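Order as written gives the chain letters A, B and C; numbering starts at 1 within each chain.
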Amino acid sequence: MALNAKSPTMKQAADISDNGFFMQDILSVRQFNPENLTYIFHVADEMRTLVKRFGSADLLSGYLLANLFYEPSTRTASSFMAAMMRLGGSVIPINEVHYSSVSKGESLPDTIRTLESYADIIVLRHPEVGAAQIAADYASKPIINAGDGVGEHPTQALLDLYTIHRELGQLDGLKVAMVGDLKNGRTVHSLTRLLSRYNVEFYFVSPDILKLPPEMVAEVRARGHKAHEVEDVREVIAAVDVLYVTRVQKERFHDLAEYDRVKNHYIINPELMALAQERMALMHPLPRVGEISYGVDGDPRAAYFRQMENGMFIRMALLAAVLGKA
Amino acid sequence: MALNAKSPTMKQAADISDNGFFMQDILSVRQFNPENLTYIFHVADEMRTLVKRFGSADLLSGYLLANLFYEPSTRTASSFMAAMMRLGGSVIPINEVHYSSVSKGESLPDTIRTLESYADIIVLRHPEVGAAQIAADYASKPIINAGDGVGEHPTQALLDLYTIHRELGQLDGLKVAMVGDLKNGRTVHSLTRLLSRYNVEFYFVSPDILKLPPEMVAEVRARGHKAHEVEDVREVIAAVDVLYVTRVQKERFHDLAEYDRVKNHYIINPELMALAQERMALMHPLPRVGEISYGVDGDPRAAYFRQMENGMFIRMALLAAVLGKA
Amino acid sequence: MALNAKSPTMKQAADISDNGFFMQDILSVRQFNPENLTYIFHVADEMRTLVKRFGSADLLSGYLLANLFYEPSTRTASSFMAAMMRLGGSVIPINEVHYSSVSKGESLPDTIRTLESYADIIVLRHPEVGAAQIAADYASKPIINAGDGVGEHPTQALLDLYTIHRELGQLDGLKVAMVGDLKNGRTVHSLTRLLSRYNVEFYFVSPDILKLPPEMVAEVRARGHKAHEVEDVREVIAAVDVLYVTRVQKERFHDLAEYDRVKNHYIINPELMALAQERMALMHPLPRVGEISYGVDGDPRAAYFRQMENGMFIRMALLAAVLGKA
């Protein structure tokens, strides 16, 4: 699928770069392939160096980001704000759209066209699947999808993949376990899709009622990957290079006896980590609510806070690339 | 009415400019006349050039704007933020005043005097008529009225007038139709007042129960303007240079049969636009809820999104002029 | 109590200064002594000069502050934002944590560790006592306590003390009256604690049911200070150098007849001020709700709006000192 090209409107003096990100919308993980992933990870590495050494840069000085969140997400909204500000840019935060002209019945396209008359790029979080695509259809400025309902959240998947790459130094040849609610987990779906571009063996660890949708398992296998479905994380902990943990919500269970039977199968604690390889990455998209015990936080394999920081670097890389300054 | 002069407190080194805007409050359209309008439109044109060519400037680098919104208005709040940021300034956004010290019973003057101890200029949106004047009475820093209830919203009227000037290249000699709820429409009242400074012929198009207040019609006629009151936009569409559309709300009607009878008289669609002059401007303060069909958006005469962008340029011009940097 | 030292993570190139504030958490007034207070007041004076002469500086250009408010406080939040922005830094405002991942059950330590992966310093307002200390225990970046329930609000106490120092040119040898609700007033407790480091005579003026906790009176006296407890501000108005007024809330009284009997004992009006010394400072942490009549605002001894401005200078000084740029 081709990136959805825009013609530059505000910043006509910027060079059209070769990398293919300039003035593109970032809507879906389907837009990414190993080649442009390698590129964006390389830029993210540069952003890390820049932040560690200088704190900030002025690459995007004078650029405005409209951070449009139709539903709250402190983590994602703050990460995009920090990314823009560390590049010297400014941010218009719009968090209370439920109070605003939207509540007077304004359509998403009209809101987007208003905001693009003020800003150079729009980050959109919306509760409905497809909202980011609709926004992109109407906008002449680039749109970055920061989550559209149960649809996509591509920057989350990118930061997850980047974290695996950073933690283990490779993507090909890994054994990756996805743990928890694999049925409803948007992050799991997107990351699985990205990882299936590489030579990866999958372990899907979940209660029976929260298994990965069969068509996704089939898709993974059709691409030639080994994919194991198991019910208890203890069955895989010793084998895997990556343990990607998500929450199992009690509310998903009709039969609470079943919940009580399985709930401890998906909790990571120091005893469990003692069984894991010495070199592996324990990840979580956060927030966590008990799935990973605090006792694990000091473990060098606990990668979830580095994962957060990587989110900022990936978003810096995307903002810079899309605005032609990478 | 004279502009309400302030003595500069923070930025004593700035030159007192000749244009009369330096350190003034912007409270009402009554402060404007063709001479200072021409000046501010000229500055807005410069701001447009600056944004199109460079994105931003650092004219207001180091200046702080307190963006104080007692009621939500994503559009206006974002426009002021963008304007300040594109001039290199910083913004303190204050949107949740209903949660804050105000809810502990603090008076508007105390809130204003607190904020002016932090910021260089205050933009105020408030649900009560006269709030901006009260704020200005107590503040030593300049206040810009961003809407005070059914009172004034001068920057909206300025951007509307600027858009007419931009779209048609002139203000004198035009035929302007105001359409929709002319009784309650603050924007219509302010724009009418500004336009009556020029040689303009007015068409007031509304349901009988939502007509322009008789004293405003009388005021317009007393200034020597032709003013026609009609009920259906089809009666005027072929004649006018400007069609300024506002919403007709069902809730205004006690008699729903009457609403059903007239509702289609105020909806602009491609069929209606086919009857309009080749050179004209279709405007709307937005948000729209059906008054202008999406099918019209591609029409070159549809000026409402350019109107939004003009809002940012006008606000940049006012901020720069008031802070002595225009 | 020693300042809670952090090792610098982001800004390794910054000089470690001698003053002891670099990379420290600011959690409690107990961290301060006359020596480091003199230092920080000196820096605050420099910040005042900087703002009056240039508006802003770029000392903290490229630095990010996460302004994390679990409960609303427009005044304090805006003051920290302004302080950071006037130093050239950027701010991530996080005001709606009740809507966000916190409402999904995330712990304060996880939220803090996420935000410190984006920002260089975190300002925290939280409704629970001890929250700032918990945040500091987990963070590797500095935490500034902007109020933790009925616990501490050290920057308020610092700005109060700085205001007394500015208004009267001295701290030793003063007679200071604390007026109003002395039982529940966090600001009164913290300021009393700071002032008891100096040679000060105290007057505690309150209704019987809202007296300063006996252990605090004992503590003040144990440090060798004279401390008078009286019921009516008229008994002390002529004697004192500082009148620090706080609100007496009707809701605190079980016996409304008692409230009616005493309520006028704590209201400051021009008649009362006529009895005060020519050189004295009338202070209030704001917001006020009738405790000081508007008629007093023009009195040169009314220091409460200067107190607000001093808050920005003190916070600028702390931010600069903690980030090693003072």
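Simple rule for what comes next: a contact is a pair of C-beta atoms (placed from the backbone, for glycine too) under 8 Å apart; a residue touches a chain by one contact, two chains touch by 3 or more.
These numbers come from a predicted model, not from an experiment.
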- Task: Pick one for the touching-chains graph, please: line, ring, star, complete, other.
- Result: complete
- Rounding to the nearest 5 degrees, give the angle of the rotation that lays the CA atoms of chain B over those of chain C. 120
- Message: For chain A versus chain B, which are copies of one sequence, does the interface use mostly the same residue numbers on each side, meaning over half shared, or is it different?
- Response: different
- When the C-alpha atoms of chain A and chain B are each averaged to a single point, how far apart are the two points in Å? 40
- Going by residue number, chain A touches two or more other chains at 93, 96
- Query: What residues on chain C touch chain A, complex-wise?
  - Reply: 10-13, 61-64, 66, 90, 92-94, 96-97, 99-102, 104-106, 109-111, 113-115, 117-120
- Task: Report the residues of chain B in contact with chain A in the complex, numbered from low to high.
- Result: 51-57, 72-75, 78-79, 81-82, 85-86, 88, 93, 95-96, 286-289, 294, 305-306, 308-309, 311-312
